[in-house]
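Each of the next two complexes has chain A plus one more chain, namely chain B in the first and chain C in the second.
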Partner chain A sequence: MTGPAIQVENIAYSYGDLQAVKGISFDVQPGEILGFLGPNGAGKSTTIKMLTGQMSPKSGVARILGRDITKDDPEVQAQIGVCFEEKNLYLNMSALENLDFYASLFGIKDPDSMEVLRRVGLAERAKDRVHSFSKGMRQRMMISRAFINKPKVLFLDEPTDGLDPVTSAQIRATIKEEAERGAAVLLTTHDMFEADELSDRVAFINDGEIVALDTADNLKLKYGTRSVKVRLRDGDSVREEHIALEGDGSSARLAELAASPNLMTIHTEEATLENIFIELTGRGLAG
Partner chain B sequence: MSFGLTWKVLRKDLALGPRSPFFLYAIILPFVLTLVLQFAFGSLFSPQPRLGIVDEGSSAITAQVEGMDGIDLTLLEDTEELRTQVEANDLDAGLILPAGFDAAVKAGDKPDLQFFIGGESLASNRIILSVTAIDLVRELEGGSALVAVDVVDFGEAGLPISVRLVPVIVFYALVMAGIFVPGSSLVEEKENGTLMAMLVTPVKSSNVLAAKWILGTVFAAVMAFVTLGLNQALGANWLDVFVVVLIAGALSSMIGVTIGVFAKDSTVLFATVKGLGIFLFAPTIFYIFPDWPQWIAKIFPLYWIIEPIWQVSIMGESISSVWLELTVAVGITLALVPAVVWLARKMQAQMAAQ
Partner chain C sequence: MSGPVTRASIVGSLLKKELKAYSRDKLYVFLTVLTLVAVTILFQFLPASVNESITLAVSPPITTLVGDAKDTLKGMGATDEQLAELDNADLAEQQEGLLLIEFDSEADMTKVIEGTLEAWRTDDGELILRDKEAGEDEPENAEKLGLDIGIAFPPTFIADVATKQQDISVTVYSDAGVPVEIQSAMQSFVREAAYQLAGEELPVGMPDEEAIVLGQDRSGDQAALRDKMRPMLIFMILLMETFSMSALVSTEVLQRTVTAVLVTPARIGDFLAAKTIFGTMLALTQGLFVLLVVGGLTAQNWSLLLTVIFMGAVMFTGVALLVGAAGKDFLGQLFYAMLFVIPMIIPSFSVLFPGTAAAWVRVIPTYPIIDVLVGTTIYNATWADSWTSLAYAAVWLVVLYGAGLFALKRKVESL
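Then we have the complex of A and B:
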């Protein structure tokens, strides 16, 4: 198949009078990670639920691997992997039994569940029941379950939410491997660092609308400030100076400060994705 | 609908079943109820009188005792062995019928008859066996009874209460295995989100519901069958009985799936079953109180499965005698299918909105 793995045109959804998703459009190419960045209630999960067939869009068209998602097509379902925000595993089954069961639903006869568990660092606990797992281990199980059918399209809803930095880093590395394998990844998160680190492109979603969609670098370039912050010793205190990189005389002033014996540090003042989000929406990502 | 996927979901449910308290409860409950009710009203702890006979001449008395349901007969070859078993209380009484005994009695010779009584045997069993032995000899002699006994029944005529309670025990087996097991399994999947996790794979809700229904049907049928066996109510027509309990399981399980699809969580599930409790239980009361107008029982859906079980297993009727009841039961089962489909659509929308 050529063309986007996920193609969304003007899809909308409302819960009664509340319009959760207001006609958004985007696409995700094979091997690309699209970060869906937005605060809670922005419409990220609703979008994933529509794209995974859990609910039908009230309007608009969405295609997964070229097929209309409203057609309830088992062949499309066989090609997707979903990692839910809620940890919905069979707690009374072992890690291996969980993966083998889901693999069987995809028609995989000899699943390599142990290899998948090895990738997420759970091979040694393969035969333990999931109820004995920590929060981080359960999340790794969720990720491994999403990968069991080697999906062409991956939907990951807040895959590292509430996890410790080490587990988060492990999960991010695994997501990158999946994209390198060729999977199209739609990643929802309200963690700007995660979106920045993983995503090839980032979509900002707020109140059910996409307010910006581009690579993280382009967004920073477009909405950020090109300046540096210089810290200088000034007697017993520390003085800060912000120097815009555009404009007359900035290079000379920077060279002058760089030569100063009082120079302590020089930092670029690149905008973070959160800064840009606030600038565009007037609200933070955590809300 | 893919039968392969339904089978995979069912296989998972069967594997998870023994790890669920409901499943275990459904297995244990009929055993416990049988034990309790038989202890209270039945003959579980008062076994039949045990008679041993050493028959040295093919007496007609032996053949007569063999035909009696109420006596546990043991035939022995050796007089000493009979004596030993009676002394050890392995038998309540022992009878030695010498060769030519029948001919001697018929000729009016009044031959000797040795009758051993175990010292530890129950008084009621001794009386039953003694009187039975005397009656049989008199019958053999061809004489008439010395007195005419006028038997006056006190209490309700008809079947003993221990038999009339069998539908109650079977009802509980059907409710636990057929209604609670599939219903709670479905609700648990909803609460834990595992149902949604299945529905984003090639599995459809129809696969999941069919698997739960089959699970409940088979489990309820087996438990009802076992319960009837425990209560010695299988009769000779056990194949007919199995067909009847299979249909009973199918209806119970369909009710269980309907409640499971309807209930959004365990609280609603329990409240619904409790709310429906008397409505479901009502027909069994009419077997305990046979004087009540029996037509009222027909108002309740489970009458149409309890009555065929009663007729075929307990009363020993053939399956053809309950075709109307079974047809109605199958009809109710099929009528619930559209309701389940409609509720399933609502359920999926509710789950997605959470």
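Then we have the complex of A and C:
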């Protein structure tokens, strides 16, 4: 098919009087990773639940691979992979049994479960029951389960939440591989570095609304300042100088400092995604 | 390689997963095996027959009482034929349900009743006394008698009564465990016997039948404890599976594994169908296993029995779905399981206490199930005898299973 793998137009959802998602719109192309960045309670998980068929939008239209998600279409479900924030694995079953079971629900007769486990570094523990796995191993299991049907659309809800840096890096690498394979990835996270590293585009969601949606670079250009921080040795102490990259004389001053024997470091001072989020919403990503 | 995903293949996959999850839950596998073994062993030890006769000890023997009275009765004008009738009288044989054990010695009789001596009766009716404390061996080809009550007559009792002597003393001995009502009945029996021996007519007439039994007369057709327990054991197994099944359901809900299942081509209907089929098969298989162990399945009743066990299995699966959806943790699940199971177990006790069950017991959903089980396994009830109970059970089945499905569906959708 051509066109977006995920197409969302003005969908909304409310829990009683609380409006969790307020008419948001976006799309994700095949092979693209869209980072959904927002604090807890912003509406990220509710959006994923609507798009994966766990709940129906109160209004609006959403299509996965061109098919309406409200139609409860098993053909759509067969093409998606979901990694939940909760580690909802069958603890009394082995890693291999978990994957084989889910593969059977997709009608996969000869699943490549061992290969999927190998990709997330769990091949050696394939026959161990999941209850003996560490938190990081369980998270890798969650990722591998989302991959078992080679989905065209991946929904990853906080895939590296609470993991150590090494495990997080492993998981990010596999997510990139899936996107390179052609899968459209909707990644929710409140980790700005993860969103920055993985996402082709980033959507900021706050109080159920998308407040910004663009590539990370464009957001930084739009909302950040272009400057560099230069650190110089000054006798026994260290001196910092901030030089704006716009304006007359900035290039000359930068060249002068670069030639100085007291130069220690030069760093760009682009805005982080968190800085931009705070600027846009008045609140941080951690909350 | 992806193949066509059919509802049947999805339900099949879910069933395989259920079996795996169940077989790996050590607690419930242990409880299931333990229950099956306990039921099998318990059943073997239950009495297989009912002794409907009352055993009564007397001293001295009837022949002694009669022999001593003959001269006196002859002096009072009794004919030879009438005296011969006394000789031929064997109260123990003639009185239906009354077994007389005759002791030569009143002292021996009291020792047997108080338990310091044992009384054994050979096949040809000979009474043997055994002093167990003295290390005497058990007699061969003899049956041990349980004697709780005995009557000691004076040797001249018949003659004294016939001649209307005053101050005749008859002693009724009874074990401390004998109910007061039985003791009073024995005293009345002695008085009545004396009254008739004295040639007096009783002032109250009885109808020909002597006693009119209201309801079904089980006289001579009493169910042995083993027979009574048979439906109860089957019922208990069905009930036990409520715990196992509700644990499987609540684990799936609490760990939210069901959510992961439902983002695949599997639908909530597949999930509910798999739970229902697995729960029903689990209970039905174990119910049938117990039925084979305890007997009760015949060429005449098999279809009725299988139907009622199947209905019970579905009903308890419905309860398990309800409990599994309600419990928020292990203790919560246990609480809800007990909340349902305790009232539902009450009708099974009505089997042990024959008679008409109270109206409130008949309202309990499991009553029609146990009623058909009892009727089929004990009293050879047929489809025609059971259809009202089956219809009533079907109504409850629909209500409970429907409630279970509704509650679990709501719960899963709210996750």
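Definition applied: the second predicted complex is superposed on the first by the 287 of 287 C-alpha atoms of A that agree within 3 Å, B and C clash if a C-alpha of one lies under 4 Å from a C-alpha of the other, contacts with A are read in each partner's own complex, and residues count from 1 in each chain.
Convention: contacts are C-beta pairs under 8 Å (C-beta built on N, C-alpha and C of every residue); 3 or more make two chains touch, one makes a residue touch a chain.
Quick caveat, the model's predicted, so the values are computed rather than measured.
Engineer: Look at where chain B and chain C land on chain A after superposing the complexes, then choose clash or fit.
Structural biologist: clash
Engineer: Looking at the overlay, does A:Asn92 come into contact with chain B only (first), chain C only (second), both, or neither?
Structural biologist: both
Engineer: Touch test for A:Asp110: chain B only (first), chain C only (second), both, or neither?
Structural biologist: So A:Asp110 only meets chain C here.
Engineer: After the superposition on A, what does A:Tyr15 contact: first (chain B), second (chain C), both or neither?
Structural biologist: first
Engineer: I'd like to know which partner A:Ile80 touches here: chain B for first, chain C for second, both or neither.
Structural biologist: both
Engineer: So which chain C segment collides with chain B once the two are superposed: 37-45, 73-81 or 181-189?
Structural biologist: 37-45
Engineer: Can you give me the overlap between the chain B contact set and the chain C contact set on chain A?
Structural biologist: In chain A, positions 52-54, 72, 74, 77-78, 80, 82, 84, 86, 88-93, 97, 101-102, 104-107, 145, 149 sit in both the chain B and chain C interfaces.
Engineer: Which residues of chain A touch chain B once you look at their complex with the stated criterion?
Structural biologist: For this pair, the touching residues of chain A are 15, 49, 52-55, 72, 74-75, 77-78, 80, 82, 84, 86-93, 97, 101-102, 104-107, 145, 149.
Engineer: Quick one: in the complex, what on chain A touches chain C?
Structural biologist: 52-54, 72, 74, 77-78, 80, 82, 84, 86, 88-93, 97, 101-102, 104-110, 145, 149
Engineer: Under the definition above, what is the set of chain B residues touching chain A in their complex?
Structural biologist: Touching chain A: residues 2, 5, 8-9, 12, 15-16, 19-20, 192-194, 196-204, 348-349, 351-353 of chain B.
Engineer: Would you pull the chain C residues touching chain A in the complex into a rising list?
Structural biologist: Those in contact with chain A are residues 1-6, 9-10, 13-14, 16-17, 20-21, 24-25, 255-257, 259-267, 415.
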